[in-house]
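Chain nomenclature is as follows: A, B, C and D, assigned in order of appearance, with residue numbering initiated at 1 for each chain independently.
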Amino acid sequence: MYQFSEKSQALQAKLTAFMDEHIYPNEIAYAEQLHAAENRFAPLPIMDELKQKAKAAGLWNLFVPEKYAQYCDHGGLSNFDYAPLAEIMGRVVWSPEVFNCNAPDTGNMEVFMKYATPEQQEQWLTPLLKGEIKSSYAMTEPQVASSDATNIELSIKQEGDEWVLNGRKWFITGAMYELTKIFIVMGKSDPENENRHKQQTQVLVPKDTAGISIIRPLTTLGYDDAPIGHAEIVFDNVRVPVANVLLGEGRGFEIAQGRLGPGRMHHCMRLIGSAQRSLEFACKRANNRVTFGRPLSKHQSVREDISKSFSEIEMARLLVLKTCSLMDQNGAQASKDMIAASKTSVPLMVQNIIDRCMQMHGAGGLTEDYPMAEAFNYARWCRQADGPDQVHQMALGKQIIDRYAGE
Amino acid sequence: MYQFSEKSQALQAKLTAFMDEHIYPNEIAYAEQLHAAENRFAPLPIMDELKQKAKAAGLWNLFVPEKYAQYCDHGGLSNFDYAPLAEIMGRVVWSPEVFNCNAPDTGNMEVFMKYATPEQQEQWLTPLLKGEIKSSYAMTEPQVASSDATNIELSIKQEGDEWVLNGRKWFITGAMYELTKIFIVMGKSDPENENRHKQQTQVLVPKDTAGISIIRPLTTLGYDDAPIGHAEIVFDNVRVPVANVLLGEGRGFEIAQGRLGPGRMHHCMRLIGSAQRSLEFACKRANNRVTFGRPLSKHQSVREDISKSFSEIEMARLLVLKTCSLMDQNGAQASKDMIAASKTSVPLMVQNIIDRCMQMHGAGGLTEDYPMAEAFNYARWCRQADGPDQVHQMALGKQIIDRYAGE
Amino acid sequence: MYQFSEKSQALQAKLTAFMDEHIYPNEIAYAEQLHAAENRFAPLPIMDELKQKAKAAGLWNLFVPEKYAQYCDHGGLSNFDYAPLAEIMGRVVWSPEVFNCNAPDTGNMEVFMKYATPEQQEQWLTPLLKGEIKSSYAMTEPQVASSDATNIELSIKQEGDEWVLNGRKWFITGAMYELTKIFIVMGKSDPENENRHKQQTQVLVPKDTAGISIIRPLTTLGYDDAPIGHAEIVFDNVRVPVANVLLGEGRGFEIAQGRLGPGRMHHCMRLIGSAQRSLEFACKRANNRVTFGRPLSKHQSVREDISKSFSEIEMARLLVLKTCSLMDQNGAQASKDMIAASKTSVPLMVQNIIDRCMQMHGAGGLTEDYPMAEAFNYARWCRQADGPDQVHQMALGKQIIDRYAGE
Amino acid sequence: MYQFSEKSQALQAKLTAFMDEHIYPNEIAYAEQLHAAENRFAPLPIMDELKQKAKAAGLWNLFVPEKYAQYCDHGGLSNFDYAPLAEIMGRVVWSPEVFNCNAPDTGNMEVFMKYATPEQQEQWLTPLLKGEIKSSYAMTEPQVASSDATNIELSIKQEGDEWVLNGRKWFITGAMYELTKIFIVMGKSDPENENRHKQQTQVLVPKDTAGISIIRPLTTLGYDDAPIGHAEIVFDNVRVPVANVLLGEGRGFEIAQGRLGPGRMHHCMRLIGSAQRSLEFACKRANNRVTFGRPLSKHQSVREDISKSFSEIEMARLLVLKTCSLMDQNGAQASKDMIAASKTSVPLMVQNIIDRCMQMHGAGGLTEDYPMAEAFNYARWCRQADGPDQVHQMALGKQIIDRYAGE
C-alpha cells in the first residue's frame, strides 16, 4: 500500500544495525552511569561517545525536513519517511538524543529554522544542530490551563532596549540538563490587545541569565526523565535585549501554532517503537516462561493479548503514517484532524499495550530490568504532553461534527 | 500514502451517486416491503428493480478479482481497489445484494471460478453472476466447534454413482432465500484418513434435492436477516451424482482454506461503511438535538465520543486496506496474520462505535428508524462469523510468538 | 454482612422452586406460542395459566412495599427484601409478568397507591392488582429530550369539564398489549407557568378513548418485546373527564419524580438475574464444549472471562442491595446518588457480561436457543430507559463534585 | 444494609481525626525528609514521632484480629470492622506504618501469632508489635513463577543442627529498611517428597546472618517505595539454628496458604482509600480549574468520569466488605472465591479510577505534588503482588465453572 523512499529504507537499515551494535548492548551501561551520577542532569559520558558514533555513521539530525535540507547532510526527510526512523529510535527511550533527534530540541531547531534571524541562528541553531548544546521551550504554566496558549500569563514587558520577564513555568523539558543553554520563552506582552492571538511574544533567554531560578525537577509516575528532565522555573525580572525577540512582538501565538504538529507525531512514532519492543519482550517471555506446567505461549489469554497488541500496534502505526503523509502533502494545519486523532489515540493505546506486556512479565515487568515501565510512563505522560487528550478531542470532535452542520 | 486506481476512483464516485439516488431514498420502502411480505424469504420487488439499475449503471459484480476478469465487465479489481467500494455498499446493510456483491454469494462464486468444472460453472456460476440465482455455503454444524474445519461431521459417502449426505448444518446463510438454488456442502467423506486435512469433501447439492429439510430461520439479537437469512438444515440421505463433487474427493479442506480470506475482509470493509454512516448520523444528531439547554455538539463527552469514533474508523480502515494490499501482493495465505488482525479487531471496534452512536440518539437509536441497530447486530455477528474471534487470536497470537522462538 | 428477612428468604425459596417447576420448563412453549400468535400483542394462554399458578402459590404482587401492605397478601416487602426476588424473576425475561411484577405496571400501581383517588383506585388499581388488566405510562416523546421531564410537549388543556390531549408519545411500554386498558399520560397543561415544575399534569386516559392512534410497535435491536412491547402513539383531541386528573393540575412533575426510583432499581435487579443466568450457561458450556482438543473450561481466557463476570455480578448485586437498603431507610430522593450509580453502572456491566457469555457459545449464543440475546437487548435498552445514562451521570457527577465545593 | 461495630465506628472517627491533625499536614514534610535522606532506607524522624502519637492515641496494631486479642490493647477487630480503618489509612500511602499496620509486617505478625513457638514470639513478635523492628517475608524468586508456591527453589538443607540456605529471592518487601531485623524465608527442604505440598519449609533468618547479600532495591514504575522498599537478595550458605524452623519441617506450604487471605484484602482496602482520596482531589480540581471559559465541573465528560469513579469505588468497597464478612464467618479458605474476586477486581479498578483523576489534573497530576501517581503505582503493583491477577482468575474461573459440572 505504501513504500518508504529508498533513502528512508537505507537509513532504516543503517539505524537498525546501529541500535543492534551500539544501543541495546549499552542499555545497562547507560542505566548504571545515570544511577551513579552525582548530578543526574549532567551529560553522561556514554551519550557523548554514542553521539560521535551516530554522527560518524550519518545518523544525525534525521528529523530535518526536506524544506530545511540545508541544515543537514542527508538532504531532508519527509514526515512520512522519518516516521519509521523515529519508531526505531523510540525502542530505547533515551536513544533519540544519540541521533540529535530528541524532544524538545527537534521542535526548537525547527522554530529556529523557520522564525529566527541569521544572527539568532548562528548563535543557537548552529550548535544545536551539532549537538553541542540543548534547548528548552518554556510554555506551560502551573496556574493556568496552558493547552489554550492564550491563557499564558508570564509577563514580557519592554523596558528600554530590554525585555523584562516575570512569571512561573513548569514541565520545561530539558531545562535542568547541563547541556541546555537557551530557552525559548512564551509570554504575554500585550494582555490588553483585542486580538487574543496577538497578545503573546516569544523571546530567547539564555539559561544563565540573571533572575532565572530552576526550582525543582518534576517527576511523572516516579520518573525524573534525567538527564533531560522537566523543570519548574521562576522568572524574576529576567532581562534580555530586544533583539532576542523571535519573529516579532505579538507573534508568539503564531509560532506556537506552527511548532506543534510534527512534535506530536514524533511522540507517537517513538511510542510505537516502544510498544513494538514491549511486544517483542512479551513474545520472548511467552516462549520461555513456564507456569502451571505449560509455557505462557500456550495460555489462550496470553495469545489473545499478543494478538490484540499486534493488531493495535499495526493500526496505530498506520494512523501515524497516514497523518504524516497528509502533513507532507497539505501541511500540518490542514491535517489537524488526523494529528489530533493520532495524538489522542496512540499514547493511550500504547499505554494499554505496554500494560499488558508488563503484566506477562510478573512483578519484574514493572522494574528497571526491562524498558517497559519507563516506556509506560512515557506513554502516560504523552496523554498530557502538548495538552491533555481531552482538549484535542474537544477540537477534533467539533471539527467532525461541523462537517455535518445543516444536515 | 496510498491511492486507489483510477478505475476504483471512478467506480467509487459512480457508486456513491447510485447510493444517493437509489439506495438511501429507498430504505424506508425496502423496510416496508419486507415488513409486509407474507414470506420474509421471498425476493422483494424493489430489490429486483434496483439490481437492474445497478447492472445498467455498470455497478455489477464489483467483487470479481483481476485474475477472474473474464467473469465481469469491469476488468477485475484488486482487493485494495474493491475495499472502498465494499465500504460504500456497507453503509446500507442490504445494499450489497443490489450490486451482486453480497455474502455468501461472492465467496461461493469465487469457489466456482477457482475449483469448479466448466459444466458446474455453466450450470451454477453463470446464473449466479447474472444475479438470477443465489447460493449457500453449508459448513457450520451445531454440535461441533466448526471453526476447526476438521471437526465437521456431516457424512458424505459414495454409494454407486452418487454421494449420500447425512447430517445437520446451521447458520447456513441464504438457504431460506427463495432465489437460492444451490448449496456447496462440506462434509466428511473419509473420517479414517490419517491426514486430518484429507478427510473432507465438498459437493454441490441443489436446494430442491430430496432429503433436505430446512428446519428454521435463526435469529441473531432478534434479527432474521431476511430475506437472505441463516438456516438450520437437516440432510437425510440426500443423494447427488458423483459429478457434483467440487475439485475432487478429499479436497474439501483445501477449498475451505482457499475460500475464506477475502470473505472476512469483505465483512470488515462493509462494517467500516456502517460505522462511518453511524458516525455521520451521530454528527447530525449532535448538531440538531438540544438537551439541557445546549446542543449535544457542545457536550464535551459527545465530542470525545465523536473524536474516538472518527479515530477508530480511520484505524480500522487503514488496517483493512493494508491487509488487502498485502493479499494482492502475496496472497491470502501469506497475509493470514493481517487477515486475522482485521477479523478480530474491526468487528469489535465497529460494534463499540455503533454502540456509542446509538446512545447519542436516545431510545430511538435502538429502533428501526435508523440503520444503526441492525448494523450493530451485523458487527456483533461478525465476531462469530467465520469462527469466533478467539480462534483467530489463538492462531495469530501463536504466529507472532513463534517469530521470537529461540530468542 | 447482610441478611434478608425470613419472609424474603422463604419467598426466595418458593420462587426458585416455582421457576424450576413452571418457568424454565415452559420457555420453549412460551416462545412457540408467541411465535405462532396471529397477534403478537395478544395475551398468551400459557401466561394466563402461569399467573393462576403463581397467585395460588402466594407469589403475587411481590413488589408491593410495606407501606402499601393493604394492597397485597404478603404484608409488603422492603426494596431490600424484594431485590433477590426480582433478581430471580429476571432470569427469564418474560417471567415477571407471571407474578404481576413486570414494568411498567409495578410503577403504575405504585402511582395509583400513592396519588389516586379512591374512585380511580377502584376503577384501575383493583383490576391491575388482580392482573386482570395492564397499564402504560405515557411520558417519552420523540421530538424532545424527555429525560428532562420539563421538556414534555403533549398539550393537556381543560375545556369545560374535560381535558383535551394533543401530542405524540413513543416508547410507551405495554400500550399495544391487549390487556392494557389504561394510560397514565404526562403532558403540559400550563406551559407559561413561571415555575417549570408546575407546568405538567398527569391524567388517566382509557386506552379505548377516541382520538388515540397507536402508530406502530417499536423494536430495539430487532426485538419488539411482545406481547408487552413499546408503542408510538398519537393523541389527537383526546378527551377525558376532569376527574381523571391525577393528584391535581400542575402536579405532573411531582408524580414523575416520585415514580422513578424503585423502577430503575427493579430493572437493575432483574438484569442481575439475567447476567447470573448467562454466567451459568457459560459455565455449563465451558464444561461441555470441546475446541481444539480441550474443553473450553481449560482455556485460560475462558476462565478469566468467567472470573470477571462472577466478580462483576457480585459487585453489581451489592451496589443494588445497598441502594435498596438506603432507599428503605431514607427514601428515594435522599438516595438519588446511589440510584444514579446503579442505573448507570449495572445495565452496562450486564451488557458486557452477557456479551462475553454469548461469545463463549459461538454463533448459537446470539440466537433464540438461549435467553442471552434477548437479555442483552434488555440490558442495552436499560441504558436508555428512564433517560440515557449520560443524563444521570451529569446529575450524579455534579452532586459528587458539589460536595467538595469551596475546598 | 450493614453496620460497623461501635468499636470500629469509634476508631474510624479517631483515626480520621488523627489523619486530619497529624498525617495530611505532614505529607510534605515526610516527602522532604525522604528526599533529603542520605540513605533512603533509613527510618525517618517524622515516622518515629508519628508512631509515638498513634500509640498514645490508641491507634496501634489495629489489624490484630479478635482471636489474637491478647496481642493488642483494643480487643481485636474482625476483618469487616478493620476494613474501613485500613481504607482510611490507605489515603496516604505511607501512613499504615504509623499505626503499625503496614505490609508485610501485619501478615508476618499473624504468622508469628499462629505458628511461632513462645521463644520465637518473644524474640521477634514482641518487638514487632511494639514497632521497634520490622520484618520481611521472603517468598518470591526471580527465576520461577512464584505464584505457584510449589515452584520455589531456594534450598534449605539441614546440616547438623543448622539449616543451610542457598538461593535468590526478589521483591522482598522491607528487606532494605534499616528497622528490619528478621526474614521469614520460604524454601525447599525436601524436593523429592511425593507430596508437592510437603517439600517446603519456612525458617526464621535474622537479617544480619552471614551469607545474606542484599543486591539492590527494585523499582516499580520508577518508585522504590523507600524506606520500606523491595529488595533482591542472595542467600549464600546462610546458616541458622534448627530451632529457627517455623511450625516444622515440610510445613512451609501450609504456612504460605494460611498467610495470604487477609493480606490481599488489606491491599484492597487501602487501595480503596487511595481511590477515594483521588476522587476527592478530582472533585476539588473540577470546582477550581477553569478551562476554555468554564470550570471543569461543567464539562460533561468530567462529570461522567466522576460519576463512574464514584460508582466503581462504591462497588469495590462493597465487594471487599462482603469478602471480609465472609472471612469472618467462614474463614479465608472457604472465602477464596470472594478473595480472588476482590484481588483481581479492586486493584485494576483503582488503577483506572486514579488514571482518570490524574488526567483531570493536567501534567501536574502525574507529579509528586499529588499522592495520585504513587497510589497509581501501588494499584498497578498490586495486580502482581501475591501473584499476577491471571493466576487468581485461573483458580476462580475453574472454581465457578466446576460448580456447574455435570449439568
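The criterion applied here is as follows: a contact is a pair of C-beta atoms (placed from the backbone, for glycine too) under 8 Å apart; a residue touches a chain by one contact, two chains touch by 3 or more.
Which protein is which chain? UniProt says A, B, C, D = Acyl-CoA dehydrogenase.
This structure is a prediction, so every number in the text was calculated from the model and none was measured.
More C-beta pairs in contact connect the chains of A-D than those of the other pair, out of A-C and A-D.
The most distant chain from chain C (Acyl-CoA dehydrogenase), with centres taken as the mean of CA atoms, is A.
Put simply, the C-alpha centre of chain A (Acyl-CoA dehydrogenase) and that of chain C (Acyl-CoA dehydrogenase) have 52 angstrom between them. Separating the CA-averaged centres of chain A (Acyl-CoA dehydrogenase) and chain D (Acyl-CoA dehydrogenase) is a span of 37 Å.
Shared contact sites, meaning residues of chain D (Acyl-CoA dehydrogenase) that touch two or more other chains, fall at 299-302, 304, 390, 394.
Remark: chain B (Acyl-CoA dehydrogenase) residues 140, 142, 145-148, 170-171, 218-223, 289-292, 299, 301, 355, 359, 362-368, 373-374, 376-377, 380-381, 383-385, 388-391, 394 touch chain C (Acyl-CoA dehydrogenase) in the complex.
Remark: chain A (Acyl-CoA dehydrogenase) residues 299-302, 304 touch chain C (Acyl-CoA dehydrogenase) in the complex.
Interface of chain A (Acyl-CoA dehydrogenase) with chain B (Acyl-CoA dehydrogenase) (complex): residues 1-2, 80, 279-280, 283-284, 286-287, 297, 300, 302-308, 310-312, 314-316, 318-319, 321-322, 324-326, 337-338, 340-342, 344-345, 390, 392-394, 396-398, 400-401, 403-407.
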